[in-house]
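Below are structures written as structure tokens.
After this come two complexes, each holding chain A, first together with chain B and then together with chain C.
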Partner chain A sequence: MSASYKAVGWNAFKKRHDVVLILSVLLFLAIFIGIGLLRQPKLTLEILLMRAFAIAAITLLHVILAIGPLARIDRRWLPLLYNRRHLGVTMFVLALAHSVLAIITYHTGSDLHPILSVFVSDAGARMTAVPFQALGFLALVILFIMAATSHDFWLTNLTAPVWKTLHMSVYVAYVLLVGHVAFGVLQSETAALNTTLMGAGILGLTGLHLFAAWSQRNIDNDIETTADDSEYAVVCRVADLEENVPLGASLHGERLALLLYEGNKVSCVSGVCQHQNGPLAEGQFKYGCLTCPWHGYQYKPHDGTSPEPFTEKIPTFDVKIDDQDRVLVRKHPNPAGTPVEPALI
Partner chain B sequence: MQRYHRKRHRLMWLLLGPLALILLIYAAVNRPQWPTMQASPGEAPTQEAP
Partner chain C sequence: MPQEPFFIGWESKAPVSLREFVRRATILFIAFGATVAAITSMTQRTTGSGTFDFGNVQSFTGLLLRHPVPLLISDAPIGDKRTFYLVNPLKHGFSPDVAAALHLQKVTLEGTLIQDNLDAMIEVVPDSVRSLGDDGDPATALPPSSSSLGATTLRGEIVDSKCHLGVMNPGRFKPHRACAIRCIAGGIPPILVTQDSDGHLAHYLLVGPDGEAINDQILDYIAEPVTIEGTLRRSGDLNVFHIDPASITRLAQ
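This part shows the complex of A and B:
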């Protein structure tokens, strides 16, 4: 959390995760190149490496983009979300290796600067009018910016909303890369399997994201506010609350996390983790704190502050329970870290 | 307070998915026709003439 910055806050899980990741990538590269040398001995090692790096990178990008919705559909995917940034940096390194090899192979040896050559030439084998290499280069620039700002230092200094918006540019990079592949290699490698696999990747990702949104529409849709009390909105009934299990809701576009704890106390805080905008209402109540499912940031339910020595804090909401056992939440949040007396049932 | 960003994700995928798919299909349909090899005069053709 925020007490200090380290290059990487290693723990046993992260180490295991990264070892498996690196071994998987190396195994894939070795198998791809081995099969390539056997099946197409005329291809040079540079070309095989270039293709192996590219396929590893685009496959990893699909995995990265699938982790978010998978974790929303099934919590067992959450450990992968915890380390998603390491996957992102690995993906950038693979894409960079592909690009460097392509530039050395196709864009050196002329009077043009190699980077300029990417934008103005097609290496003598014009496949299409679409400048697919420029699309790939622009995607690489976006991936570089994301990899360079992936550390918590940038997250804190840019603030979570700005950082999250910046990192949503991965979607722009994804479309650029689809264009790079579709107007590049798929113009010469015409086997139906290649196009089918790429299409399945696009459809799979789109379907996963839309299904995850549909499956959690109850949390995402705004609560219909009642007119009987203009300051407060009815969020749920007491019977809807399960002890020590956060309940998510959305009020005027703001996410809430309600919690019944210590037998009869009900508190409400913002459902948005200060770290990366993670969904606090989907986390657990551990050691007296709401715990973000993404990276384990914790907040006390009555005042929205993190336990010592950490300094994060989130807004709180006034809560009351009416005589019909309905839980009412004040529509306007208190400033982050404001203590609020829990409502008693 | 931070705005709710899941709706942005959903909207993005509603736009991006079809856009990416259209790009892929357009590129596949508009592949250039590569020149096919012609037989020399007097030689038996080794490929079907276009």
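This part shows the complex of A and C:
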């Protein structure tokens, strides 16, 4: 985690991650271009490169989109989520190289502005004249905005909810790209295998996302409001709490994380990490703090603040334990960073 | 109590069991990528057979014709070809004004050769065309011209001759559609490419009923399967197909 956005550190894990990433991309390009040159020496080099960059980019995009649901299904994938933004930026660079080559090769040198040409040259109102390159262009714009705002600087300045929403537009880009491929290259490269691959990609990603959602359907048990005490809601019984492992719940749609720690203390904070809306209830109590599973951001359970020198803070909730050993949480959160006396068991 | 291994990105060492998992996951992704690269590269089918002698500018001498499109009938055959389409650099056709001014004159020009096994073309260096003064005798300079082969219907794909003859391999099909439209709108001669059942290609230069350019009227039919009715003629080394653009029928909707 960072004291300010400038302090994103480079550690050994990140460096190794990026070396492996770059070598993998180079391996991909070498295989594609190598086989291409051997099989079809007359293929125009720009077109071969254009295809190599494109297919590398869309393959990487599938990997990127698969990591999220995989990490929700099995948390051991989480380390790959940690540096997913590096994959995103790499993918954008590949997509940009593809787009620039396509615009230079197919759209420059006429009386029309090349960018305008992307949109109007082959456009018509029928299936065979869908301007597939315009779809690619729009996808590129989205990927650009995401790559440009990938740094924590933007995360801090846009605030996590806005940033997260912005970055969900990767799914819009994905849909545009499916159209780009389906109405473009699949109209000429009619080998069944190509269509099958694209179809498998779409089905695989959809399946993973649905399965992840299904496997997490009960993650936050929604709490019924008890009649006897309308200011507080019963979240669980003391016996349901496992030491150092937060319990997630949601109160009228607001996620919270309840934690038993240091033997007998129970505290409750918001379940949403300030950094990227990560699921704090899926984290662990480490180094005296509730630690987010996504990027290791930390919060002290009794007041929701990050340890010095960090400045992040999240809302806290008042907690009490009644005579039936039920854990009750006040329905209205305290402002972020408000200290709350832990309930004792 | 035992907790499941927990990864914190800023810690210098992740738990051993997690490291092993991440290593395997990475290898899995790389193997997946390598397979995709190999499959997609091996299934690429569309290519072309032409060549573009990029960077090799040569001199050509011959008779310049403005009809049916700007052509050079070379004095000496190059390979088995004497008839050369003339075009300008990038997506621009040869200037009709220059062609009109030099029609039927002996000229010399500088340019780059573009050819496949059927037809040839010269990308002319701008302003390099010089008249050699003596008007050629069309009777001797022109190969047996414009013999009519009769009315017929052909099925194929309209492409721009420049890319298809070798500037781009492949210079056909949907990915190339926008480029072909820009080229033909820019005055590059349109040709119909047909393919017989053995995969052999044939080219037909497309012009109007009276030999006039129809580039702007066919833009919406480029790079799609079409049938066209017209009258076939042979002009020099070229098949010239005189068509009424209204007779073009799109085969796929």
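Assume the second predicted complex is superposed on the first by the 330 of 345 C-alpha atoms of A that agree within 3 Å, B and C clash if a C-alpha of one lies under 4 Å from a C-alpha of the other, contacts with A are read in each partner's own complex, and residues count from 1 in each chain.
By definition in this document, a residue touches a chain if its C-beta (ideal position, glycine included) is under 8 Å from a C-beta of that chain, and two chains touch if they have at least 3 such contacts.
This structure is a prediction, so every number in the text was calculated from the model and none was measured.
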{"item": "Touching partner for A:Ser250 - first (chain B), second (chain C), both, neither", "value": "first"}
{"item": "Touching partner for A:Gln187 - first (chain B), second (chain C), both, neither", "value": "both"}
{"item": "First (chain B), second (chain C), both or neither touched by A:Phe144", "value": "neither"}
{"item": "Contact breadth on chain A, by residue count: chain C or chain B", "value": "C"}
{"item": "Which superposed partner A:Phe310 touches (first chain B, second chain C, both, neither)", "value": "neither"}
{"item": "Touching partner for A:Thr206 - first (chain B), second (chain C), both, neither", "value": "first"}
{"item": "Contacts of A:Val175 with chain B and chain C, given as first, second, both or neither", "value": "first"}
{"item": "Residues on chain A lying within both footprints (that of chain B and that of chain C)", "value": "127-128, 183, 187, 190"}
{"item": "Footprint of chain A on chain C - complex, ascending", "value": "1, 3-12, 14, 18, 21-22, 25-26, 29-30, 32-34, 36-51, 89-92, 167-170, 172-179, 181-183, 185-186, 220, 223-224, 250, 252-253"}
{"item": "Residues on chain A engaged by chain B in the complex (per definition of touch)", "value": "68, 127-128, 130, 160-161, 164, 168, 171, 174-175, 178-179, 182-183, 186-187, 190, 195, 198-199, 202-203, 205-206, 209-210, 213, 216, 220, 250, 253-255, 270, 272, 277, 315, 333"}
{"item": "Interfacial residue positions of chain A with respect to chain C in the complex", "value": "1, 9, 11-14, 20, 24, 27-29, 31-36, 39-40, 42-44, 47, 51-52, 55-56, 59-60, 63, 75-80, 82-83, 105-112, 117-118, 121-122, 124, 126-129, 131-133, 183-185, 187-191, 193-194, 197, 242-245, 283-284, 286, 291, 293, 295-296"}
{"item": "Touching residues (chain side chain B, partner chain A) in the complex", "value": "1-10, 12-14, 16-21, 23-28, 30-32"}
